[in-house]
Amino acid sequence: MEHTHEDKLLHEADGKRTFAVILQTDDEAMRCLKEFAERERIGGAQVTAIGALRRAKLAYFDCETKAYQAIEVSYQVEVASLVGDIAVGPDGKPSIHVHAVLGRRDGSAMAGHLEEAHVRPTLEIIVTESPGHLWKAKDEESGLALITL
Amino acid sequence: MEHTHEDKLLHEADGKRTFAVILQTDDEAMRCLKEFAERERIGGAQVTAIGALRRAKLAYFDCETKAYQAIEVSYQVEVASLVGDIAVGPDGKPSIHVHAVLGRRDGSAMAGHLEEAHVRPTLEIIVTESPGHLWKAKDEESGLALITL
Amino acid sequence: MEHTHEDKLLHEADGKRTFAVILQTDDEAMRCLKEFAERERIGGAQVTAIGALRRAKLAYFDCETKAYQAIEVSYQVEVASLVGDIAVGPDGKPSIHVHAVLGRRDGSAMAGHLEEAHVRPTLEIIVTESPGHLWKAKDEESGLALITL
């Protein structure tokens, strides 16, 4: 599938860049964010977005099994909130961590860790870089890569 | 109804302004934001807020009918998240796009596109301007005015 | 209980600081934020976070009784959104106001005013200072300390 997303540098000051990343129908948000972060070599940033999706995959971290359980959302939803960060993962590549709140037709809400977000018709993402990098390291207890300072 | 909202420029650097817009009981948030954006000639900004409402109107975009369906929230709710942006609409005026997550008395959540938000007792909004303008154009497929870069 | 949270100044420009505050298992977020804000003498800031909790206490403001009603969340949840602000309270000390959206195992969402958030395994908080202070004063009608400009 060809990627249709557009991005634009809105502002740069003191080495701190702000981007708008505008996704369109059929873009998958996590893949677009990863490609964007790798191309722009982003080592530390905050991400926020609103928009709508034709389907999504949320996840819940089960502390007993130390694994994410998938929650399939197989219908059109509003993205009421999408908040996350970009850090440098243990492999040296950008690691994207995003959580989302989704609104259904009746107004009821779903929330969780975001694994896939298939856009329709738009997702308006703002990425605010921090000059200092954020680094992730493997946490022995949870088995997850977590930000460490 | 007389508007009681207050706003204050918190910071300005490199042509990028940050405002606090504090709403009070009986203010309607979407109208206050529109008046504020027109008066300050805001052409690109991010909006975040928390607070509480005595009632609200959310909406869900139906991709079949290409129209928003209203979801009336006729009781007091917490505003757990309000995230959005201000862009320049096809008519040259500020276009406000906001999504919200609302919390009910029992803690259950509602989420969607925000059409009306009647404040009680407060809504604390932070508006962060981007020096570059964001522009909206009509998207033929959805019929909506969407940000284009 | 010993506090294990780490924080780091990511950026400072024009007297505006951005911090990452990374909490770990058994940290309580509201107490850590209060200690952090007092130590760094923060008089105005925005707060955002994502992560997960082993338990939490949300609250809903009842306008009739002018009191918060507690909503106990006694199980592991994702923090899909945590948004808030730090202002100077009527007592001259930092006053932290945070709302949160929590995601349960089945993806359903809870939302409200945040009173307690017991972290597991991480909560990644970004604190963005505003150079202008935000001040709170007692609102006679609601009985709450609200931001005034």
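When the chains are written out, they are named A, B and C in that same order, and each has its own residue count from 1.
Simple rule for what comes next: contacts are C-beta pairs under 8 Å (C-beta built on N, C-alpha and C of every residue); 3 or more make two chains touch, one makes a residue touch a chain.
The shown structure was predicted, so the numbers you read here are calculated from the model rather than taken from an experiment.
Fitting chain A to chain C on C-alpha positions gives a rotation angle of 120 degrees, to the nearest 5. Under half of the residue numbers at the interface between copies chain A and chain B are found on both sides, making the touching surfaces mostly different. Note on chain placement: the centre of chain A and the centre of chain B lie 22 Å apart, centres being C-alpha means. For chain A, the set of residues touching two or more other chains reads 13, 48, 81, 83, 101, 108-109, 111. The residues of chain B lying in touch with chain A in their complex are 13-14, 16, 44, 46, 48, 58, 60-63, 69, 71, 73, 81, 83-85, 97-101, 108-113, 130-132, 134, 139, 141-142, 144, 146-149. Within the complex formed with chain C, the chain B residues making contact are 6-11, 13, 18, 20, 22, 25, 48-50, 52, 54, 76, 78-81, 83, 101-109, 111, 120-122, 124, 126.
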